[in-house]
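Heads up, the thing below is written out as C-alpha cells.
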C-alpha cells in the first residue's frame, strides 16, 4: 500500500512537478531580474523563450541538411546566443527610450514586443506546431533497474534527467556570477537607484546589458527545456508559461534569483499535485482549475507576504 | 586659464528641459582649494553640480576638468575621470547594507580596499556599528555620513559635495567640516554647496554667491563673511 | 445608396464598440490616471458586468442560471452594482499592493474569474457561453418585449409587427450607437467634474505620495478602494453593453486579457492617462485603427501581389492576421515613443481662474 | 496652569534586535514650543513617527489632550488636530506647488464624491477659502512665483519650505516639525522662526520641533528634551541643557557657539 | 461591378490556426473552380472570397463580419469556424442585416435553435449531438465497458464530451472519471495518472494543438492508458508525426467526414490532391462544400442580391435535380442557365439542409495505418 503510494506519488506527480518547476524556475529568473533591476514586468519574456526554441530547431535542421545530426542541446548553444542578441536589440530600440519614463510605459512597450515577436515568428515559421523531438520518451532503463533493486522503482526518461541536470548546472554558474562577481553587485545597486548608480561611476547601461544577457540566456534555456519536455514547439508556448512564471518570481521575492528558483519549483509541484487524489479517487479540485492553483498561490502570497519567500523588493 | 585650475566652468548655460536655470555661470576650483557656493533656495546651486556630473543638458558654455573638456561626457565616465560627488538627496542605496554602499563607492577602483574601509569606519564610528544594516534603515544623519564616506573612498581629483552637513548634529557638522579640511590638506580640491553658510565660508578659500542662476558675489571666504550685504541677505545675520 | 448605407452602419458599429472601449478606458483612467492603481484585470470586470446583465435579462434557458427577464435598464444597473461589489472585495484584499504587484494580482484574479465562468457550468453554461442577450432598442422587435408592458399600451401585437415591418431593419443601430455615446458623454462629465474637484486633487495626491497624503488627513486605503470601485462600476457598465453588442458572450476569447485588457491599456496610455478626453480619444482612435487595419492589410497584400508576381502571396494571405498583429505592435511602439505622455497629456486643472 | 497637549509615556520601539527608542517619557504643554534634540540616530524621528501614527510603538502610550492615541492611524490624527512634517521632504511630485498646499486644507467638503457632483456651491465656497489660505502661505514662503510649477521640480530647500507651508494650511493644535531648517537658507530660516512664533502666539499652535540648528532651538523653544541612544538624557530650558556636560559630550562636541 | 464577393471569416489567429489553414485552402480551391470554369452568371463575373480573421472570438468575429456586410457588401458569409463566433456574428450582425451565414465547422447544438423564422443560418458540418453518439457506439462496438473522459474546457470539446458521456452511460457503459482540463498547459501528467487509476481507456476531447498531443504523450509515457478514442480536434497528421505511428496502435478518432467510396468524395479527392489540400482533414471537405454551395446559390438566385440566397441555397443543396459533384461548376452553371434544377452532393456528404439549416452527420473512424490516418465510414 505504502509502497505503491510512493511509487505513484514520486513517479507520476513529484518528478513531473519537479521538471515543470525547473522550467518555470529558469524562466522566472529572467523575469525576476528585469523586474528587480529595470523595474518592470516584462511580458515579452515568454516570447524570448519561444523564439529560442524555434531557433534551436532551425539550427538542428540546418545542420542536418549538411548531414550533421545535432542533439537539440547542442543546437541550443547558437540559439541562446541569438536570443541574447534579440533581448539586447529589443532593449536598445524598444525599452531604452522609456528608461526614465513611468514604469507603465515600458510594461506596455513590452506587451507590444510580445505581439511583435510572436507575430514575426508566426509569419516566418507559420502558426502550426512543429515537432521538436519525435516519439515517446521511455524511462531510463538503467535507473529503473537500479532503483527497483531497492524496491523504490524510479521512472524517469532521459529528457527529464537532462532538464534537471541542466537546471542545476545553470543555477550553479548563476550563483557564482551573482555572488562572486562585481556584476552581481552592480545589478543590485542599479536596481536600488539607477541615478545614484550612474553618479557613483557605475555604467548603468552595461549593467542593464548584463541583465539582459543573463535573463536572455535563462529564457533560452527554459524555452529549450520546455521544448525538450513537450517535444513540440509552437508560437504561444512562451505566453502559456508567462503567468505561472510571474507567479514563481513573486513567490520567491522580486529581485531574488534563488527565490525565483524556489518559487518555480513550488508552483510546478503545486500544479501537478493539485490533481493528486488526496481524498478518495478523484482530484481534489477539478483540473479545469489547474492554472488557478498558481494564481491563487500568487495572490495569497501577495496579500500575506508581498516581499515573497526570500524577502524581495516591495516598491 | 590658470595653470593650477582643476575644475573650471565657463559661462555655463543649462537647465531642465526648456527652462533655463543657469545663466552664464562661471566658477573655478584651483589646486588645494575649498570653494563654497552659497545662495538662496532654488538659486541653482545643485544644478551646477549636476551639470558638472553630466546628468543635465548643457546649452552653452564649457566645463573643464584640468585640461579636458567634460561637457557631454556620461556621468559614469565623469566619475571615472576623477570627480567624486555626493548628491543632496537620494544619496545612498537604501536596499543595500552600509558596507555594500561603501563598496559601490569604490566601483571604479580595482584594488583591495580593506584599509580604506577601516579608515572610513574610524572616521564615522556610527557607521561601523551598522555595517550590515540596510542604508534605508539609517537615521537621516547617519545616511548623510554614509553618503560622504562613500564619496571619500575614491581617489578623486575633485570632490563635489551638495550640502554635506544638512541634518547633521552640531558635533558631526564640526567633524565633517574638519574632515573636509583634512581631506583638502591631503591635496584634494573641494567644491561644496552649503546652507550652513557661515561655517562653510570659515573653512573655504573662496566662495561664490549665486542668486537666480547668476553669479552675484565672488570673493575669499573671509571677504564674503565680512561683507555686510552678503551677511544680511544670505547668512542670516540679524539686524 | 446601398454603399453609403453600408459605410454609415459600419460607422455606427465603430462608434458602438469605440464607445464601449471608451467607457472601459474611462473606468481605467479613474483607477490608474487618477489614483495610480495598476489594474490589469479590466477584462475581469467587463466579464462580470456582461455576465450579470446576460443572466438577469435573457429569457429562461435550460443551459444556464437566470432567465429572470429583468428590464434591460435594471440589468445595466445591476451589472454596475455587481462589478462594484466584486471590486470592493478585491479592493479590501489587494489594494495595499503597490503598482506592478497590484497588476499581477489583478491579472491573477481576472484569470480566476475566467476559470470560474468556465467551470461553473450550471450557472454560466461554461465555455459555451450565453447567447440571445437582448440588445437595447433592438429588443423592442422581439415578441416577448412588444407584447408586454409598456409597449403593449401603444399598439397591439399586430400593430407592432406592422410597424416594424414598415421601417428599415437597421433602425435601431444608430439609436444603439447614440445611446452608448450619450453614456460616454455623461460619464465624461461626471468624471471630469471629479477630476477638477477636491476629490480629484486628493486622489492625485494619494497617487503621488501616500505618506504625505495620510499626514494631510486622507484615509488612503479607503480612498483607493473608492476609486477602484468607481472605475470597476464603469467597466461593469461597459461589459453589459459589450454583451448587448455581441449578443453572445463566452469566457475564453471574449474576455481574453491579452486582447481586451491590453487594448484598453494601450488606449489609455496612447490617449493620455489622467486625461478623460485622452482616454476617450485613445479608445476611438485605437479601435478605429484596430478594426480598419484588417481591410488595410488585406489591401496591402493585394498590392504587393500585383507588384511582385513572383512572390507566393498565398502564404502572406494565410498569415495576414499575424502581419496585422505585427503592424499593430509596431504602431503601438511608434505612438509610445512619439507621444510618451499620450496624445493629450495630463494637465493639472487651472485653479486661480476658476474660483 | 495650561493643559497638557501631548504626553508620551515609556515609549519603546524595537526594530528586530535594534532598540531605536527605549522608554521615553515627556510632556508638552498647550501653547508651548518644545524642542527635541539629540545626536543623529538618537531616535527622534522614530519618536515622531510613533506619535504621528506612522509607526506602531513596541510598548508605551501616547496621549493627545488626554486622549489615548497610541496606534491611531495618521489620517485620523489629522482630524484630531495633529500635523507633522517630514525630515526628508514628501511632496506630490506631479502636482503644482499651489495644489500641494491646497491638498492639506481641512474640512474639504469636495472630497466627497457626491458633494463634488451635486453640491458645487458648497464645494466652491470652501475651495475659495482654501485657495486664499494657500496664496497667503505661498506669499509668506516666497514661493508665489512657483505656484504653477510642479513640486517635483523644486530645489531641495524649496521642498522643505513647502513642507512647512502645509502646516499653515490648517488649524492644527499640535504641529510636529522634523528638521524644518535643514537645507534652508539662513536668511529664510529667520523668517521661518518668525512664522513659527506667530503661529504660536496668534493662532495658539503648540509646536514640537526636531532640529540640529541650535540658533533656531535657542530662539524658539521654551523647553527641550535631549535624546541619546533612545533615552532621555536630560530636559529643561535651553540655557540649562546647553551647559550639561553629557549633552556637550554626546551632541555639541564642544562646538556650541550660541 | 463585375465581381461577386462573399465573406470568409475564419479563425486565422487565435487558438486553432493550424486546423484552419487547410480549411481556408479548401475555400480557395472552390473559388478557383468557380472562376476557372466560367465564373458567375452569363457575363462570367469573378467569385471572390474576402478573407477576414474571426479569431474564434465573438468580439473579433462581430467586428470582422460587420466590415464584410457593410463595407465589402458581401452577398453571403462562408464561415466562421468556432460556434461562439458563429452565433455571435449571426445574432449581432448577419441576421439583422439579412445575410446568409453558411458555417463550415460550427458544431454546437445551440446553432440549430438559434434563429426564429429567418432561415439565415446554415452549416455544412453536423451538430456534435450526432458525433458524440457515434463515438459512444464505436466505443461499445470495440467492447469498451468503462472509460475515463478528459476534455479541454472550450466550447467545442466540452459540448461533445457531454453528449458522449450521456450516450455512453445510456448504452450501459461506465464513466470512471470525467474531468475538464485547462488547455495550454505544459504538462498533464498528474491528470492523466489520476484518471488512469480508474480505467484503461481514455476518451479524449481536445484540439491536438493546445492540449491533445501533450495529453497523449503524457499518457503514453507513463502507460496510464491502453486504448484511446476521441474526435475531430485530434485528427491531424501532426499527431502521428509527433508521437510516432508505432505508439498509436490503439487509437481511434472519429471525424464528421465523408464516405470515401462515394463519387462525390472521389471527385473531391482528385481535385484536392491536385491542389495539395489535405482531403480528409477535419472540416476541410465541409469548407469546400460551403464555398461551392454558396456560389451555386448565387448563380441560382441570378444576382448578388442577399435576400434571395437563403431560398436558392435550399434549392441547390436539397434538390431535386441533376446531381452535381465537387468541381463540376461548369456543368451546374449550364443546367441553371437552361432553367434546370440541380442537387449538390458534397465532398463531406449529401449536404441536404433540414428545417434548421443543419445537415445530417456522416462519420468516419480513423486509425493509423502505414503512418497515416485511415478513415472508415461508420454512419
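By letter and in written order, the chains are A, B, C, D and E; residue numbering begins at 1 in each of them.
Following the convention adopted for this analysis, contacts are C-beta pairs under 8 Å (C-beta built on N, C-alpha and C of every residue); 3 or more make two chains touch, one makes a residue touch a chain.
In this text the structure is predicted, and so the values were computed from the model without any measurement.
Peer 1: Give the chains in contact with both chain C and chain E, ordered by label.
Peer 2: A
Peer 1: Relative to chain B, which chain's C-alpha centre is the most remote?
Peer 2: Most remote chain from chain B, centroid-wise, comes out as E.
Peer 1: Per the centroid of Cα atoms for each chain, what is the distance between chain A and chain D, given in Å?
Peer 2: 50
Peer 1: Could you grab the centroid distance between chain A and chain C? Build each centroid from C-alpha atoms only and quote it in angstrom.
Peer 2: 33
Peer 1: With centres defined as the mean C-alpha position, give me the chain B-chain D separation in Å.
Peer 2: 29
Peer 1: Centroid from C-alpha atoms only, then distance chain A to chain E, rounded to Å. What do you get?
Peer 2: 37
Peer 1: In chain B, what residues contact two or more other chains?
Peer 2: If we look for residues of chain B contacting two or more partner chains, we find none.
Peer 1: Among the residues of chain C, which ones contact at least 2 other chains?
Peer 2: 115, 118-119, 318-319, 322, 325
Peer 1: Residue numbers in chain A touching 2 or more other chains?
Peer 2: Each of 122, 126-127, 286, 288-289, 291 in chain A touches at least two other chains.
Peer 1: Who touches whom among the chains?
Peer 2: Touch list across chains, by label: A-B, A-C, A-E, B-D, C-D, C-E.
Peer 1: Give every residue of chain C touching chain D within the complex, in rising order.
Peer 2: Going through chain C, the ones touching chain D are 190, 193-194, 197-202, 204-205, 208-209, 211-220, 226, 230, 346, 348, 351-352, 355.
Peer 1: What residues on chain A touch chain C, complex-wise?
Peer 2: Residue positions touching the partner: 35, 39-41, 94, 97-98, 101, 103-105, 107-109, 111-116, 118-120, 122-123, 126-127, 239, 243, 246-247, 250, 286, 288-289, 291-292, 295-296, 298-299, 302-303, 306, 314-315.
Peer 1: Which residues of chain D touch chain B once you look at their complex with the stated criterion?
Peer 2: 15, 18, 38-42, 44-45, 87-88, 146, 153-158, 160-161, 179, 182-190, 212, 214-215, 250-256
Peer 1: Help me check something: in the complex, which residues belonging to chain E touch chain A?
Peer 2: These residues of chain E touch chain A: 13, 17-18, 21, 153, 177, 179-182, 184-191, 193-194, 197-198, 208-209, 213-214, 217-218, 220-222, 224, 238, 241-244, 247.
Peer 1: Hey, which residues of chain A end up touching chain B in the complex?
Peer 2: Of all residues in chain A, those touching chain B are 182, 185-186, 188-189, 191-193, 195-204, 313.
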